[in-house]
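The block underneath contains the structure these notes are about, expressed in structure tokens.
Here the chain labels run A, B, C and D in written order, and each chain numbers its own residues starting at 1.
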Amino acid sequence: MSRSSRSMEWTPLLFSGGLAFFLFALFAVIPFGDTAMKVGTMIHQQGGELGAANLVTAVVLGYRGLDTLGELAILFAAATSAGLVLSNTRQRTRSIKNKGLGELFESAISLLMPLLLLVGVYIVLHGHLTPGGGFQGGVVIAVALFLPTLARGEMVINHHLIQWIEGGAGALFILIGVAALIQGAAFLQPLMAAGEVGRFLSAGTLPVLYLLVGLKVGAELAALLGHLVEDDEPGVQQ
Amino acid sequence: MEINTLDLLALISLVTVATALLVGGQGRGGWQLSLLYLLQLVVVASMVMMAGGEGIISTLQFSTVGESIGWRLDGLGLYFLLITVGTAAFVSFYMAGPWGEAYQRDGGSLRWLQVALATNVFTMLLLLASGDLLSLFIGWELASWAAFWMMALAGGIALKVALRYLIYAMVGAMMVFALIVILYGQAGSFGFDEIREASVQMERGTTILVLLLTVAGFGIKMGLLPFHLWQAPAYAETPGPGSAFLGAISSRLGLFAILLVLFRVVDGAWIELYLGFMNPQTLLAWIAVATIIFPTFTAMRQNDARQLLAWHGIGQGGYMLLGIAMMDPLGVAGGMLHIFNHATYQAALFLAVTAVIYRTQTSDLNHLGGLVVRMPLTFATMLVGIIGLAGLPPMNGFVSKWLVYRSLLEQGEVLLFVGAVIGTLGTILSVYKLLHNTFLGSLRLEHQAVREVPITMWMPMILLSGLILLTGIFPGVPLQWVAEAAASIGLPMPQFNLGGVIAEGGSLDMRVISGVLLSGFAIAALIFYGAGSSRRVNPLDNYAGGHFLYASNRYHYSNNFYAGLMHLIKPWYRGIFERLEQIILLLLAVIADLLQGLYLQRQPGRVALVVLVLLLWWSTL
Amino acid sequence: MLAAILYVGAVSLLVIGLAGMLLSSHLFRMLLGLVIAEAGANLLLVLAGYRWESAAPIWESGAYPQLMVDPVPQAMVLTAIVIGVGIQALAIALLVRIRQQTGSLQRDIVREQLEQDLDLELGVKLPSSMHAPSGEGPLLSGTRGAGNEQ
Amino acid sequence: MSNSLALVIALPLLAAFLLQPLAQQLGVGREQRSVAIQLYAQLTIAVTLWITLMLGNGVEQQPLSVMMGGFSAPMGINLYLDRLSLLLLVATQLALLLLWPADATPRIHALMLLLSASSMGLALSGDLFNLYVFYELLAVATFGLVAANSSRSAPLISFRYLLISGLGSVLALSGIALIYSHTGSLNLADISATLQHGDAELPLAAFILILLGIGVKAELFAVNGWVPEVYAIISPRLSALLAGVVSKLAVVVIVRVLLMLFPHPEAAQVLLVLGILGVISGELAAWRAQDLRRMLAYSSIGQLGMIFIAFSLSLEFGMLMGLLLSLHHMVVKPGLFMLTAGKSKRWHMALFVLFALSLVGVPPLPGFWVKLSLLTGLVEAGGALNQLALIVFLGATVIEASYLFRVLQNTLPNPPAVDEGHLTVGWNGLVGVLLGGVLVVTTLSVDPVLEQLKQISSQAGDRNLLISSVVTPSAEQQMVVERDK
């Protein structure tokens, strides 16, 4: 990089400073901790309408279910795009060249992996009761699935299966929404009785939805990580 | 529904376009087109006979986007239309024969040329018959684009110069667009009468703006200084007779529109307006004089016959505006009459040059000469044409120029008069160059086998020559049409009769002048032939400075004609307008590259950040 | 005071990320800048839902807390984070590919490569500079050849 | 019945999720499989089109607001179908059907389906954050489609696009945070009702942030650095789709947000200034561009600038003019892009000239009537800013004519980087002819079209109608009562 272009670097810095000033000035106007909590209050008042002990879950899967669907679609789009990018002209060398991390890690991971899976599934299943849920649990599941790949340096990711999981979970999510539609209710309207708040079997279809979200997130992330690992071959240049 | 003559004319014009599409490509088959143009001419002539009053209102009226669009042909439009259709008839007849076949052999498409011609005529009809500002603009745009099409047909360099025309024309069209929406804003309507009513109360600033937009917007098409650069190259590169058509009438449309807007659409109060240094009338006159002088002397510098003629076309436009700007009876008559006269001799000259190109494949004045012995009819046409262009009796150009000069002197505008005379001087010098370098001197070896052009080509030329002479001797006929045109926009006209104008300070009767002149010629011819002392020799049978001349060293110096004069002019003429155009474009290009640089940044987020911070700053102010 | 600290923190994260994105000359670091900026924006979103002396919006001992923080921004942030993750993963995939192709992630190097590739693909004559483009303006040149001599 | 509006978004998503597994199950040959998948995808779009048309019947009188999940207005997410979104929706669906990529891999079909779903979501959603989500979905799908291009520079171009877009989403998210803190709501109609009274400063800043965020897709000045690069490499069909339709969706989202949330003159001024900058920079850059693709890309920036200028004018008039310009551009720009594919033929040139003439505004083509109405309106409105806009419009037209017709000099360019096979070149040409036909038909029926658009824009510009049809008065009152307790 030439000297002259270096000397131009002060503009972004200056304007970043300006941006910081203006943003801070803007947010300083807002009464912190006492914002207009209009919708939040309404949801609070509606109380256990959906039967979810965790109100965030009620928002994520109930009130703003369409957002969640969109977000699943984004993950799906990202995974598909990444697959497209990396498989585009890749030489068909699917084997991974690294030698693994050694005996110690392999053993540790084979111990850790079931535990991680368990934790992941627990977080997913209790999403409607406690902080956590499909995304968080899904990430843990993805990591659990991915660790052996890192440690052993060999493929355990079955892309075929993952495609089925990601596609199927997403499709089921929509189909549950459509099921409500068929019953004459609105799209994505929670079905089944809300049940008693706080119980494991409560909140109608919300736990099911969260399970699907968990599966899908786990599958997508595993697929993404898999794609990246498979393709990380610095030697391949055109 | 009753169809009146205007509808009939439009219909025939459309049929002409369709016919051109069908049979325009067949060389001789294209004569049907000439017939159709003749038919149009007959209709127009019948309208001229019955003209007067309100004009002919087309039964075709639209109402779109809440505005009504209508067409009406009155004296002014009729006058221009007569010239348009007449020229088209000559030109299409000229094209249809052997010239067209040769054109197609060279890879041109005669069909599209014919279609373009017919489209031009139709769009001009739309423009000339416009009944409100909206139809005026529509006609204006369509005519501009049709002209572009005709210019660009040949491709290559022609397309390049046509694109240059396009940009000038678009600048003009956008000014006109601004003009019509401003006038609309004043009156709430596009109708002429409504706007005239509203324009009485126009503010001073608005009036000046309207004047400026009218003269500049329409003036671009007319080639008024400083917007003239596009015209000569564009017309010169238009294929063959097409240049005759465009040169004869296309750029006059600008004048038509200026007349229409300034005298018909807008109230005449603008004439008294004082702009701080002079009144608009004087300013127009000075622009006109500048338009006479600069292009005329540029024409003199040209070494290509078509370029030379095309540059003259710009200069002659100046005479028309100059005459009309005087706004007295003689000036108006002269300026308006010059439109017709110019169309006739310009068409004749372009056709003659096209004939020369047809036979010799070149229009380079440095590579021609002596063709008079091979192409006498073409020579005769060009002779008549340049006499008309130079404004000498007994051709029609003399009449109109005389009227303009007369008006200038009567108004006491001595400086303007001197300017116009300088222009005429340049005209005479340069048209002589044209005639001399093409037809006089010794014939070139490579042109020994050249023959006269076929009848389909020389006939229109001779007919046009006859027209130039006849309307020169009997200017009363076209003056009758001019009178109708002037009446329809409320301009004054002098008394006139068949032979010329009856004015207080001294009348002009071309019958007398021509009679005297022709008898002089007759006497000279009698002496020349009667004395019988002349001897016919071979042009090569000649000697100079004691040397005998052979075919290889020619006694005909056409190369670098007027070298001494050019040397004199050179310090005064550095192509300032060309430079100006270059500078503007360069500036624009620099700005454009800077702006494009915004999109080519290595880190495009920078612009976003800067804009964001500036906007936030502005919002918190 | 707490508000000031929190807002300053969030805004700083956002701006530091943006500045990093604009200043660094390595593509991966540009991406990291984006990640940091996103974190800042997410933080701003969460702060929008904070209430003084409130509990988490979770059913506890038979009722939702009387004073609880706004659950909606939390749900939104959850969504925003996942969206961010997806985009970052895709970005890394793109970076892997760029590195395979050009052997570098230096901004200026790849940018030059990009310009050349584009010009080649689109048929722009290569040694052309901005001052002599192949698609020259019709007004800028060529009119002289038409015999319009000065 | 009206609830099934959600299917317009859900069906393409469902189809996208299931596409890859299904494609794997298809045991037939590669070619047949490709055809089958394309048919499957396009059929999905066709079904959404059918649903849209079926539901669109009644919106002439009363806009349709459908709640997701059956919750009441400010709590849940609503989809809002008025005549404007109906028009956009149908245009999008038709464009998708016409411009669907042929001979693509299953992944590309899936991404196209996601793009479709997000476009429809953008046209319909009545919730600020939901708009953001669909907007991001659109972005990610586009990154993938750009990167999938076989061009060597595709990944880098996609990455640069991603960075700009990421920058935009950070800004938009901060803007949403501001708005949410201020109003405690995300529903557009609800926010609109809240913000009707009150000071302007905070909402204005939020508008600027959201504007620059969403403006990325709308090719708004300052965040449109991606445009020339991306359009230079993607296939003509995708260019046509992105420049013609998707950018208009983003514009309409901006206008919705502007009209509904921030009815302050300052917000319109921001739009005007950025629009003018876009026109000037885009048109001049196009004038200096050296190849057809990038020339059209820059020119599209310029035209979107014009659209922004039009929308920034007074509410009723600006809405109509912006809509007119948008629709015109929606027909012409894809047409021009379609003609960049394949070898140039005589009729290609003729069609190119037709589109160019309309873009420049030559009577009697529709472009002329749009410009005429706009300019007369500007003069009638008066004021310095409007006069500036008038001058910018006229100047831009001259430059447009200059570069568009310069193309005739070199005739149409070489085939693009992506060779779409022999059959599909014919299809591209066919779409071009179809769009040309639309232009001609519109020329012949200017008045009825204008009448329709007038009604559409007057409905879309009615804030009170939006508020009353989304937030039911009873719910509003009920809430107030409960809050008072």
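Methods note: contacts are C-beta pairs under 8 Å (C-beta built on N, C-alpha and C of every residue); 3 or more make two chains touch, one makes a residue touch a chain.
Because the structure is predicted, anything quoted here is derived from the model rather than measured.
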**Chain separated most widely from subunit C, comparing mean CA positions** = B
**Message:** Can you tell me which chain is nearest the middle of the complex, judged by mean CA position?
**Reply:** D
**Request:** Express in whole angstrom the distance between the two chain centres, defined as the mean CA positions of subunit C and subunit D.
**Result:** 21
**Request:** Just give me the whole-number Å value for how far the CA centre of subunit B lies from that of subunit D.
**Result:** 47
**Complete:** Chain centres from averaged Cα atoms put subunit B and subunit C apart, in whole Å, by 59
**Prompt:** Using the touch rule from the top of the page, what residues of subunit C touch 2 or more other chains?
**Reply:** 14, 18, 21-22, 44, 47-49, 70, 72, 76, 79, 83, 86-87, 90, 94, 97, 101, 108, 130, 137-139
**Complete:** The positions of subunit A in contact with two or more other chains are 12, 16, 19, 22-23, 26-27, 30, 35, 37, 39-40, 43, 63-64, 67, 70-71, 74, 77-78, 81, 85, 88
**Prompt:** Residues of subunit D that touch two or more other chains: which are they?
**Reply:** 129, 133, 136, 140, 143-144, 147, 155, 158, 163, 167, 174, 178, 180-181, 184, 186, 201, 205, 287-289, 402, 405-406, 409
**Complete:** Among line, ring, star, complete and other, the chain contact graph is complete
**Prompt:** Mind pulling up the subunit C residues that touch subunit D in the complex?
**Reply:** 14, 17-18, 21, 27, 30-31, 34, 37-38, 40-42, 44-45, 47-49, 70, 72-73, 76, 79-80, 83, 86-87, 90-91, 94-95, 97-98, 101-102, 110, 113-114, 117-119, 121-124, 128, 130, 133-135, 137-139
**Item:** subunit B residues touching subunit D - in the complex, by the definition given at the top
**Value:** 63-65, 134, 137-138, 141-142, 145, 152, 159-160, 163, 166-167, 170-171, 174-175, 177-178, 181-182, 184-185, 588-589, 591-593, 595-596, 598-601, 604-605, 607-608, 610-612, 615-616, 619-620
**Complete:** subunit A residues touching subunit B in their complex are 11-12, 15-16, 18-19, 22-23, 25-26
**Residue ranges of subunit B in contact with subunit A within the complex** = 603, 606, 609-610, 612-613, 616-617, 620
**Complete:** subunit A partner, complex, touching residues on subunit D are 3-4, 6-7, 9-10, 13-14, 16-21, 24, 66-71, 74-77, 105, 107-108, 110-111, 114, 117-118, 121, 125, 129-130, 133-134, 136-137, 140-141, 143-144, 147-148, 150, 155, 158, 174, 178, 180-187, 190, 194, 201-202, 205, 479, 482-483
